[in-house]
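Each of the next two complexes has chain A plus one more chain, namely chain B in the first and chain C in the second.
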Partner chain A sequence: MRYADFTPYDIVLLLQGLGVTLALFVGTTLIGLAIGLLLAVVHHYRVPGCRPVIVLVTEALKNSPVLVQLFLVFFGIPAFLHIRMTPVEAATLTLSLNTAAFAFVVFRSGIESIDRDQIEAAQVFGLTRSQILRLVIAPQAAAFSVGPLIGILVNQLQVTSLISVIGVFDLTKIGNILNLRTLQPFIVWAVIGLIYYLAAKTLAHAGGRIEAALRKSVKWGGI
Partner chain B sequence: MIVAENVEKRFGDALVLKRVNLRVEPGEVVTILGASGSGKSTLIRCINGLETLSGGKITVDGHDVSTKAGLVAARRASATVFQLFNLYPHMTALRNITLAPIEVLKLPKAEAEARARALLDKVGLGAHADAYPQQLSGGQRQRVGICRALAMQPRYLLLDEVTSALDPEMTGDVLRILAELAADGTTMVFVTHEIEFARHISSRIVFLEQGELIVDLPTAQFFAEDGGLAVRRIRQFLSKMKKD
Partner chain C sequence: MRFWRVIEPHIGFLLQGFALTVAACLIAIAGAVLLGALTASMRSSGNRWVRGAANAYGDVFRNVPFLVQLFFFFYGLPELGIYIGAFETGVIAMSIAGGAFVSDVILSGIMTVDTGVIDAAKVSGLSRVKIFTRIVLPIALRVSVRPMGSVLINLVLTSSILSTITVNELTGAAKIVAATTFKPFEVYAVLLVLYASLTTLLSFAISAVHRRLNRFMTGG
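Up next, the complex of A and B:
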């Protein structure tokens, strides 16, 4: 057996890579959704001075390459602030903010899709802002947002492959290592691509089921 | 008592309400008439605090709606029925009605639901408690809207063109319910184009003309030749409405 041959242990490596990819994806998704939601709520309530800042930052995040953002966070910020940052920290920060920017847009349109009329009704009946947000806006905005969010997350899963460039041992980085060792790029990248494909399909399928369940339980036909 | 003193409302350069004075005593049914754009709905929206005043003062049972605490108390005393119903589409008829009693009045759920079901029965929608607004006709939705307002046991009912979006048959259903409420002594401020109905149930009629309240008379006098009809603009308005 030559050093360049595939070995059974490569499967373990691939699974480890997949694990890192999924862990970062899930972590940054949760952080990103939370931040995106917070931004949408702050935007909705027109907190003084916040709107232009939120729009500027999210627009910048949406309209510049993630790879450039990653370099800025991993190389630029540590150099500028004289701090240390690990590849995982930089990847987490960048992907979280990126997801947050896209999630913000979805949540914002979800909130804006709700008729002003109903909110006025809730106001004159004496409901407080937080009651209106929780009971009137949130359920409808959530139903509106599920579909678009799944689309964004499937895309963000692919985007995680960029973090291999700054040295995170994710699935793509493992692929790189295997490729250099075996010099069989066609097989390696086909397998890596297939794994991403299966992960993305699984995610889309699960999301579709959540959406279907929501549609079923939400009889009012709002989505 | 609802008291509006020298109320002014401006939208940009447009002065929509000009020094409007109005008093509504408990037990009265006061109808606000006027052409489209005369400021009728805006006046209602100033009373329930959906618009902030540009000048003057409105109090509901002494609570100034321009202060935060006053507005909370004023909104507790009144309830609004809207032209386009403004129901919550993701909630059943029952939940639409019980939401504010449970969340704002802190009524126990069972009590709020019992009260809501009784109201739905009263307006002939007992079988539709679990229907969503989308499954109801316009007239049924508006009856749910009325139940939602009544469930708050308001001292004042504010009705903003509540039949304008309904066909004549549904309008009849809704007006019958309002007539019963009026007969029960419910205080109402009623913006409408249903002149004959207004004549039938109102104790007073006020007429708005381009944001000015030009006439405020007891109903009989409003329709008398030497009363409201002596005002040329009102005569024109009434004859035009009859033709329509």
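Up next, the complex of A and C:
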């Protein structure tokens, strides 16, 4: 047997890579959604001085390549602040902020989609600010936001492949290793692509079901 | 200004990279729009097989990371005996990936075309090709300028990934500058601002095109 052949152990390697990709994806998605939601709420309440900063930072994150952001965080910040940073830390920080920027825009338009009259009516009924946020704004904004969010998350799953460039051993990095060892790029990259494809499809499918469930409560029932 | 002091000696090299980025983006945008229009026309076809093939292409290339597609072409094409440069490979990969997203946008534009308009064109005796290129496509493109703009902006951002296959476009050039100056923070911060301004300019241009194409649509 040559060292260049595929071995059964490669399957373990692929699963490991998939595990790293999925773990980072889930982790950064949760952090990103939380930060995005926080930004949208801060933006909604017009906290003095926060609006322009939030808009500027999220626009910069949305309008620059993720690869450059990764380089800035992984190479730039440690050199600038003289701290150590592992590839996984840099990837987590960058992907979380990136997801947050996209999620912020969705949550903001979700909140803005709610009629001013509803909030005024709730105020007239004597609901407090936090009650209005929890009981009136949140459920409707959630139903409104799920669809666009799924699209963003499918995209973010693909963006995670970029972290292989700064040395995280995710699925794409495993593909690189197998590619260099076996010199069979067609098989290797087709398999890697297929795994990403199936993951994206599963995510989109699950998202569709969540959306249907959330929309049920706010469905237009006719007059 | 410390950022300028770091960048200044390498500005010529970075401009070369910028020129390469612009070249790659222009060719890839043209390729993506052509491929996208073709795919969208196939996806709106009456033939099941044509429709299925076009849908499969769009589905695959939208759900696989661009980096994986790029490696597939970059390492795979020489295997087939096709030897082309990294730049050409990158532009082809960008066109193919971009085409999948553009076809989505144009298809939804085609769906907005009133069937009455198509019926009227058929009654007037126009051929199917004429109906598509002269009637349906102009209306569809007018509607889809804005969503296509965001796809094209994404394509420009994607061009930075070409640096991973040895193309020294703007990001690749910046990587070399960061390595020679030992000042990665300054270099990449400037790069981030550069890309952000480039895409912001592009989005202004798209808004202008949108207004120009829809100038007869106001008032009613």
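The rule we apply is simple: the second predicted complex is superposed on the first by the 216 of 223 C-alpha atoms of A that agree within 3 Å, B and C clash if a C-alpha of one lies under 4 Å from a C-alpha of the other, contacts with A are read in each partner's own complex, and residues count from 1 in each chain.
Please note the rule applied: contacts are C-beta pairs under 8 Å (C-beta built on N, C-alpha and C of every residue); 3 or more make two chains touch, one makes a residue touch a chain.
Just so we're clear, the structure is a prediction, and the values are computed from it rather than from any experiment.
Colleague: By residue count, which of the two partners contacts chain A more extensively, chain B or chain C?
Modeller: Touched residues of chain A are more numerous for C.
Colleague: A:D117 in the overlay: touching chain B, chain C, both, or neither? Say first, second, both or neither.
Modeller: In the superposition, A:D117 touches chain B alone.
Colleague: Output check: A:V159 vs chain B and chain C. Expected answer is one of first, second, both, neither. What do you get?
Modeller: In the superposed model, A:V159 contacts chain C only, not chain B.
Colleague: In the superposed arrangement, which partner chain does A:F102 touch: chain B (first), chain C (second), both, or neither?
Modeller: neither
Colleague: Can A:L127 be said to touch chain B (first), chain C (second), both, or neither?
Modeller: Only chain B is touched by A:L127; chain C is not.
Colleague: What part of chain A is in contact with chain C in the complex they form?
Modeller: 59-60, 63-69, 71-72, 75-77, 79-80, 154, 158-162, 164-165, 172, 175-176, 179, 185-186, 189-190, 192-193, 196-197, 200-201
Colleague: Sort out for me which residues of chain C touch chain A in the complex.
Modeller: Where chain C meets chain A, its residues are 60, 63-69, 71-72, 75-76, 79, 153, 157-161, 163-164, 171, 174-175, 178, 182-189, 191-193, 195-196, 199-200.
Colleague: Per the contact definition, I'd like the list of chain B residues that touch chain A in the complex.
Modeller: The touching residues are 48-50, 72, 75-76, 78-80, 82, 84, 86-91, 99-100, 103-104, 132-134, 148, 152.
Colleague: Could you please specify the touching residues of chain A with respect to chain B in the complex?
Modeller: Result: residues 115, 117-118, 120-127, 131, 135-136, 139-140, 143, 218-222 of chain A touch chain B.
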